[in-house]
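Each in structure tokens, the structures are laid out below.
Same chain, two partners: subunit A is paired with subunit B first, then with subunit C.
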Partner chain A sequence: MRGRIGFALYNLLVWCLVVAVAFPLLWMIGTALKPNDETFAIPPTLIPAHPTLAQFHRLLTDTPFLTYFTNSVLVAAGTTILVIVIAVAGAYGLVRFRFPGRSLIAHMVLFTYMLPAVVLLLPLYLIISAIGLANSLFGLVIAYTTFALPFALWLLRSFIAGIPLALEQAAMVDGAGRLRAFVDVVLPQAVPGIISTAMFSFILSWNEYLYALVFINVDERKTLPPGVLTMLNQNQNVEWALLMAASVLMSVPVLLCFVFLQKHLTRGFGASSVKG
Partner chain B sequence: MSSVHLKQLRMAFPDGTVGLHGLSLDIADGEFLTFLGPSGSGKTTTLRMIAGLEHPSAGEIWFGTRRVDLLSPADRNVAMVFQNYALYPHMTVRRNLEYPLRKRGVPRGDRASRIAEVTALLKIDGLLDRRPRQLSGGQQQRVALGRAMVRPSEVFLLDEPLSNLDAELRAHMRAELIQLHRSLGRTMIYVTHDQMEAMTMSTRIAVLSQGRLQQLATPHEVYHAPANKFVATFVGSPAMNMLVGRLELAGDVLRFVSEHLTVALPDCRRAELHGAPAQVAAGIRPEDLRLTPGEGDGRVTVVERAGHEAVVWLTLGRQRLVARAAAGTPAEAGTAVAVSVDGGRLHLFAEEGGQRLIGACPA
Partner chain C sequence: MLSPQRRDQLTGLALLAPTVLLFAGLIFYPMAQSLFLSLHKVSTLTQRTQYVGLANFQALFADPAFLTTFFNTIVWTVGAVLLQLVLGVAGALVLNGRLVGRSLARGLLLFPYLLPTAVAVLVWRWLFNDLYGLINHVLMSVGLIAAPIAWLSQSPNAMITVILVGSWKFFPFVIIAVLARLQSIPESLYEAAQVDGASRWAQFWDITLPQLASVLSVVILLRGIWDFKEFDLIYLMTGGGPGISTQTLPILVYREAFQLLNFGRGAAVAVTMFGFMLLFFAVHIWATRHHETEGR
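Coming up: the complex of A and B.
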């Protein structure tokens, strides 16, 4: 009897937490589906009385939302690919090769990660515009890479360190060169770590606002976070329903990411500490 | 297949420690040579240098008439079984076995027939579609052996391949490895710290300690004529008893004299001992120590009865000794025992440096 009451209480608590965390999301989806006049209706409705996709229609046809979305996808994908390529190679180098200053480099890299983004904003902007990449998506990719890379390097470093050296050596004895052994044996073992790192980089660049706002002044090259806000600020009163529709669509890629890669993600974060 | 020649191999690590001090030895074609030694003796380093996974600081490695120490592991054409097997976890057993063949450009048809041959020999043909983590330790061991056997190689290297198996399986795999060596006829180089493996499988044993070769000989010689005190005490279980004493000439008889034990040496050894230092260490194998329970200076501390024999631990003054006795020995802990030894069974070593002065008399 006591066990059952305990179980019920435990469940109640968990559901309270779930509702508290999920409420803003539900509110976002609900508002996005409301017609304009229902947005400020009193008493408020969580589930729209007259659900409509009108906000989404307006968003996709009357606003530059799709342009921003494409830009965001390009920047996030570009950053992710660049970060993965550099971080995998760098992490492998830091783990496998002994050279003077090895641990110093590893720690310096982390040090840059500790600086607040605002501190680096101006210097990075000056560098980017000096090399002629201001107002370009590639400039943003480079800026995001600078702050995604240190963490990616550390995540992958601990991950690759957990892959037994003997595996690579076995491949080399079996007739593979070092690069071939890396591709055949190390990379497949590192896949969960690479996926975790990729998600981290993707989400970081997908959500970034400050740099995107400062680096890009041309409307057709804006990414979603600053793009959506300027779009909504053009009118005197903020169109909340439209904003919520934009937010819903912005969440979709991240959500898809999590749904498909969740299994690998937990494996990735957990596996770096467990030796195989 | 080929012979292997190590010439003045030296390994100095970046921190200044020396792992290997100029090792030279020749391994004949088709031989089963074991590097035996405690951890840190340089045995694994030597094997890894032969494989090309570590680079000697100085010296040369030759396979037959081909110098290989500057070649990459892939170009040396060696096969190796790693201590933890190092099976590729993301590949099935079949893909694991196929990997070395693919890297050497063996055509598909030949690959299948080679794999079929090896898996039949190792009795792993039912496991081809499993992944390494679905296999037991013994099965993983066989797959690792298979991956090394599947293609022709000049030398077959094994780095403590049995150390992760349980005792029963280890004994079983020892017998299988002996058979395998006989049927493959390949040059095998084996690394272990387990003297039982070294004694049972090798054609010759290279005993290493602190980066130096202590003795290179057949298992019989290593056991019956150890080159120095280290080899004498390292090989054999329980270890050889070591007593410090002097050589004395009493009348016509040469004697070994220690605090509680005096042993007359037979005539056959006198000539060999000419000019020997007076301070010596005498080694006595536990099976050469004769016990007479009931009276004497010795005191039994522990009797380990193992069924087919008994191991008796005793003290003689301050000296601890161990003897092998018949299973039914009346010796009991706490009782007195007399100790004697046949002078012909005594191994004598220089107290200084530990070099062997003489071994046992020819029977």
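Coming up: the complex of A and C.
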């Protein structure tokens, strides 16, 4: 009996703390659903008295939000596709072939994954301006490759290393060449790994702020993070409900990926490089 | 005719070629250029460069503002990493035990890590708002404070607030790394301790923590590196202010290069950061090696 009450109390306590951690997210959703006059009501309420989608409507019709959103989708999808194509080939090369300098390349990948963006920021800006890609979404895709490629390589390497070598060897004994075996045997096996790597790369690019801030100076090419932050700094009276609605819409793609990615979080957070 | 072995090797190189080319062009060449710029004076108008040796670095290290920035970076990094460790280990222990609705709790605790930093910042700035923020309102209505606190526009407050928000955003990494390790601690260790009558607390200190030591050392390194280079969260929370009281090295790079258009000096800060990264990375490699040989 005492054990059961103890367990119930423990659960109650833990759940209070979990809700406290998740509270900012609930507060974001609550505020996004409020009409303007309720935002600053005292005492503040978590659940709106008159829930409305008016903020979302205004966001999509009166602000450049939809333009930012489209730009973000284009940049994140473009980066993901480019990076995945290159990284699948590269990761397979790293895992299955022996040649001098192989472990050096592997270390380089990990190293560049940890490299601060600001170290590359200035030279990349000069390069991208020099080839006439300043203020273009493609310029941003190129910049994002610098962090998304090392990340994708590192992740795919661990997925491909988990595919049994025997399958490929069997195919090659049956007369398939190396590339045939790669396409017919390895790729289908690697699909789950490729999808989760793609999702993580998408999230990384979707969330990026610094390069987007520096490389894009025209409003119609801005991506979401700098775009929405401009909306914050533009007005004397900040419209928090509108900004929370923007935050909710910005989080939706990430949330969808997150739900699919539950199984691979240890790898995707980069925690698989933590050996225990 | 090439031997099959040789052909196989060439296939491997061909598969790696695009990766190597992109790394060379987009990472190593810019890195070299950063180094080059840090040793030069760059004219803003013509972008003509003039070699000045270590003058950029000398000017930097003699500047009290740089020392403050460096000190801020250390305070932020150490503060955020420590808080993440405490929160992350606690979260992992809770999620490793029996809990009603555990997978929902796991999702709620881990999600902030993937949330766009811009969103995290917007929500927290709304919560910490001086006049209408929920946090000031709650603290005032329970009588803890008499007047609203300026969480982000006053000096020690801003750094504390940024550390709190940063820890909230990044502690899920610690949870996920520690959780994976917790699941591999043999149950028999705890059973033996229970037979000996050890308390829960004693079990944590004598069994769990020593078993986690190796993971935690790598977590500290990785989170240390990542927090050290964090730009978005701090810049968006405070812009480095008030004054330069929350300005960290990445923000200084951005300011020097893109607000003051002082490319040489911006590059010098970036290269200094890069030096520290090399140091961190060397420790990381040394630690993992050390660990592998010691482990088994």
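Throughout what follows, the second predicted complex is superposed on the first by the 250 of 276 C-alpha atoms of A that agree within 3 Å, B and C clash if a C-alpha of one lies under 4 Å from a C-alpha of the other, contacts with A are read in each partner's own complex, and residues count from 1 in each chain.
One rule holds for everything that comes next: contacts are C-beta pairs under 8 Å (C-beta built on N, C-alpha and C of every residue); 3 or more make two chains touch, one makes a residue touch a chain.
Bear in mind the structure is a predicted one, so any value in this text is a computation, not a measurement.
Enquirer: Given the alignment on subunit A, is it a clash or a fit between subunit B and subunit C?
Expert: fit
Enquirer: With the two complexes superposed on chain A, say which partner A:153 touches: subunit B (first), subunit C (second), both, or neither.
Expert: Second partner only, subunit C.
Enquirer: So, A:174: does it touch subunit B (first), subunit C (second), both, or neither?
Expert: Touch partner of A:174: subunit B, not subunit C.
Enquirer: Looking at the overlay, does A:189 come into contact with subunit B only (first), subunit C only (second), both, or neither?
Expert: A:189: touches subunit B, not subunit C.
Enquirer: With subunit A as the corner point, what is the angle to subunit B and subunit C based on their C-alpha centres after superposing, as a multiple of 10 degrees?
Expert: 90
Enquirer: Which partner does A:138 contact after superposing on A: first (subunit B), second (subunit C), both, neither?
Expert: Neither partner.
Enquirer: In the overlay, answer first, second, both or neither for which of subunit B and subunit C A:260 touches.
Expert: In the superposition, A:260 touches no partner, neither subunit B nor subunit C.
Enquirer: In the superposed arrangement, does subunit B or subunit C reach more residues of subunit A?
Expert: C
Enquirer: Identify the partner contact of A:164: answer first if only subunit B is touched, second if only subunit C is, both if each is, neither if none is.
Expert: first
Enquirer: For the superposed arrangement, tell me the lowest C-alpha distance between subunit B and subunit C in Å.
Expert: 6
Enquirer: Considering only the contact definition stated at the top, list the common interface residues of subunit A for subunit B and subunit C.
Expert: 98, 276
Enquirer: Which bits of subunit A are touching subunit B when the two form their complex?
Expert: Per the stated touch rule, the residues are 98, 164, 166-167, 169-177, 180, 184-185, 188-189, 276.
Enquirer: What residues on subunit A touch subunit C, complex-wise?
Expert: It is residues 7, 11, 14-15, 17-19, 21-22, 24-25, 27-28, 31, 39-40, 42-44, 86-87, 89-90, 92-94, 96-99, 105, 107-108, 111-112, 114-127, 142, 145-146, 149-150, 153, 178-179, 203, 206-207, 209-210, 214, 224-226, 228-229, 232, 240, 243-244, 246-247, 250-251, 254-255, 257-259, 262, 265-266, 269-271, 273-276 of subunit A that touch subunit C.
Enquirer: Along subunit B, where are the residues that touch subunit A in the complex?
Expert: For this pair, the touching residues of subunit B are 14, 51-53, 72-74, 78-80, 82-84, 86, 88-90, 99-100, 103-104, 147.
Enquirer: Quick check on the complex: what are the subunit C residues that touch subunit A?
Expert: It is residues 8-9, 11-13, 15-16, 18-20, 22-23, 26-27, 29-31, 33-34, 37, 47, 94, 98-101, 105, 107-127, 129, 132, 134, 137, 141, 168, 172-173, 176-177, 180-181, 184, 212, 214-215, 218-219, 222, 225-226, 228-229, 231-232, 235-236, 249-250, 253-254, 257-258, 263, 266-267, 270-271, 273-274, 277, 280-281, 285, 288, 291-292 of subunit C that touch subunit A.
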